[in-house]
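Please read the structure below before turning to the comments.
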């Protein structure tokens, strides 16, 4: 049993970096929406002292071009594929799931319920998951935002609505100002804050959700070493995803995979998977679902 | 016109550090609750790589002892006093506000609507503010959490309910594990994450709320230099509060005050107050309320 | 890191090549900037045997950290990336403004011919012209575009946006090397988009050298 | 920073006194740990003219950063803080385990009399006994509490919690210097609470020296 390493959605394009994608156990696409999107105007990335901000705004070719053109090319990579989908209403999500259902190249659909850079669907996360559940028999992961008072409550609601797993966490809204002009460094103002600063927040979310629901969790947020990955696994994740670190180090997955095992062995466990949930005192934490 | 510097609630006890309190323009008490509280079991503070976690859990003597014993002693410091109050129901907040109304030592009541370390009142922030508004004629600041999808919405709701100002932001939930045991570093598990990592999150909240409502804002979250303070002011704050930095540098307010003016002058403004709101493009941002 | 050498206001960063290919002129590398989260894009300036050399203008925290590197320090380098200049040209004319001079030495060397026009904002910056012997050099207030002949031939240019716009006005078919903030340099982040041919495209994948421009 | 000097497994950090008072034995200072957000509490070990000296056990990132300081480096120091030992005692006996030796040299010097018992976990740690000439020293597996006489007199002790508990069992009126994680050291954060006299109290304000203990 191993701890799979994925990329975080939106942090890798396998078509411009096939070799990088092939270092992963699963490739997750950037979020696809029903219609093509150009995204937000640039500048839409900026470094901060302890993380980065982005306001990409889900630039993507739309589901039609994705199914016709992108997906067949992704399938040739030989890496299991997860497709991240996003929309602006329950209908959008249901439609996307229906269209993806017939495509055997796709193993899992990740519902992006948490992009801080676009308008949100008016429905709750649970309503969207329920509609997606109706629309597809495929494995469904719900990707949640850390920007919520009680993420465990949302986790329970999406579990009840039929989610098969959780992806935790998306970015949280942040802002930086240029030191000389005092204008926001991103054209759009605020953006999604990712990277090292997010790590304790992500860890708290994984820890809380692992207690609340019995679903597999992909943990992410600031992971750049095996020790970070192991912490997420100990908090309850069964897989980890790499986001921002891939920009600085495209082949980081190879290093993190080795370091994760080394860290586990140094702590007296046979593998990283063996320490899953160990941050929890409760003994009821033995029966954990795998990815 | 200057930009007042406050301490962040819970980050200074003026009775054990009168000289430190006297470097501030306003002293804000630790949150007081109706009944005495011992707080959470230790350890309840831990450093992380980019911030700190606390799970104090509102340790305080309760409103009765506070009014009889603490408040008269605080009044002798000669620093304007804000009292932070917290509770577990609308009634708690209303009662606290009623009891404080008669005390002329108190200039402002800060409603702590956002402590991540205790159970939350079941009512919404707006309901609590409305009840507090009924209970007291004193100036009411609502202290909000960054752990919310749309803080501008909450800001509008509390403004409509009668808040006179906003304190932004409280800590956000975070977790760290001890490297060798993989156990949470805090006895309680998760805690409130504060310090440098919080800065872009706080800035985004201030920026969003300044656009949404016409209320004075006390900005806080990771401020440790004049440049950080100036950024909050440019985003829309009319005052700034120092929290975590006071642990490392008790007299930081003196330095930050000087640096704030220096930074403003270097940017071509006569004072820090003069650059309030300058991060906003909109011209409608001219009429800003002062503290 | 082999060595850091000041050239006027800029710094020439010489790095051991290791297993990296130099790529073609106009391509770039992502260089780890010590202490920063994200790497910084740098055009290859020179490719001496066993080395890659970059010319860096210290304008912010990342470039300053690169200029502060010392011999023996190790940094992560990734590349070559993007699309360089099309070298199949008849009458090449190299035009650069400021740090836009960076890709020109390697470009001139690879082409083996062609003349060059360089513009700088100060005499100290203009010292970088030593990297391109024989180039015609102007310093502000004179602008490099003033040197463009009426029939400029095949222009290959790099420099700040206003300069590139001015070049394009005079030479509509010029090959222009643009800049945009980049987090990854290899198509992963969608951060570096520019409007090109009527839509937002990733400069690191579609460029940085574009014909016709933004 | 004046100098850093290894004493067995520990490091003696000597700092220019500047305007700071040394305070009384058992009081502590908050020392900036370079690169860390929060300062670290350290008992004053020695107070040579114009200096403050601290004995540091490098057990984690903050203490390691302190031990890595070099002569000329500047750090922020705040104190003296807390309540030290009550020096109005008849027959003082100093008892320390491990890094608990830190406050003892200054305490012994101030008292001007009394004997001392020290326990360490290894001969290398025991080298710190040079700071307290004449002390009786044991190394694990022997424990310092084994050296306690039947009528120990006025015990003033510092060391790990189990040691302090054992001392208290033998000498219920001992003055014990406890430890807790501290963010501020001056009552601001409420992070350092211990249960004392039946309620959670801030150790930095109520202690670190307590009579009777936790």
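Every chain is named by a letter (A, B, C and D) in the order it is written, and numbering of its residues begins at 1.
In this text, contacts are C-beta pairs under 8 Å (C-beta built on N, C-alpha and C of every residue); 3 or more make two chains touch, one makes a residue touch a chain.
What you see is a predicted model, and the numbers here were worked out from it, not measured in a lab.
Q: Check every other chain and keep only those touching both chain A and chain D; list them.
A: B
Q: How many angstrom lie between the CA centroids of chain B and chain C, rounded to a whole number?
A: Comparing mean C-alpha positions, chain C is 48 Å from chain B.
Q: How many angstrom between the C-alpha centroids of chain B and chain A?
A: Spacing between the chain centres: roughly 32 Å.
Q: What's the distance between the Cα centroids of chain A and chain C, rounded to whole Å?
A: 35
Q: At least two partner chains per residue is the criterion; list those residues in chain A.
A: Residue numbers touching two or more other chains: 50-51, 196.
Q: What residues in chain D touch two or more of the other chains?
A: There are none in chain D.
Q: Answer with line, ring, star, complete or other to describe the graph linking chains that touch.
A: Contact map by chain: line.
Q: With touch defined as at the top, which chains are paired up in contact here?
A: Between chains, contact exists in these pairs: A-B, A-C, B-D.
Q: In the complex, go through chain B and note every residue touching chain A.
A: For chain B paired with chain A, touching residues are 48-51, 53, 120, 145-149, 172-177, 179-180, 182-184, 189-190, 193, 196-197, 199-201, 203-205, 207-208, 227, 230-231, 234-235, 267, 275, 278-279, 281.
Q: In their complex, what parts of chain D are in touch with chain B?
A: 30, 32, 36-39, 62, 76, 78, 180-184, 186-194, 199-200, 205
Q: Chain C touches which residues of chain A in the complex?
A: Residues 10-13, 15-17, 20, 30, 38-39, 42-47, 50-52, 54, 56, 59, 195-196, 244, 246-250 of chain A touch chain C in their complex.
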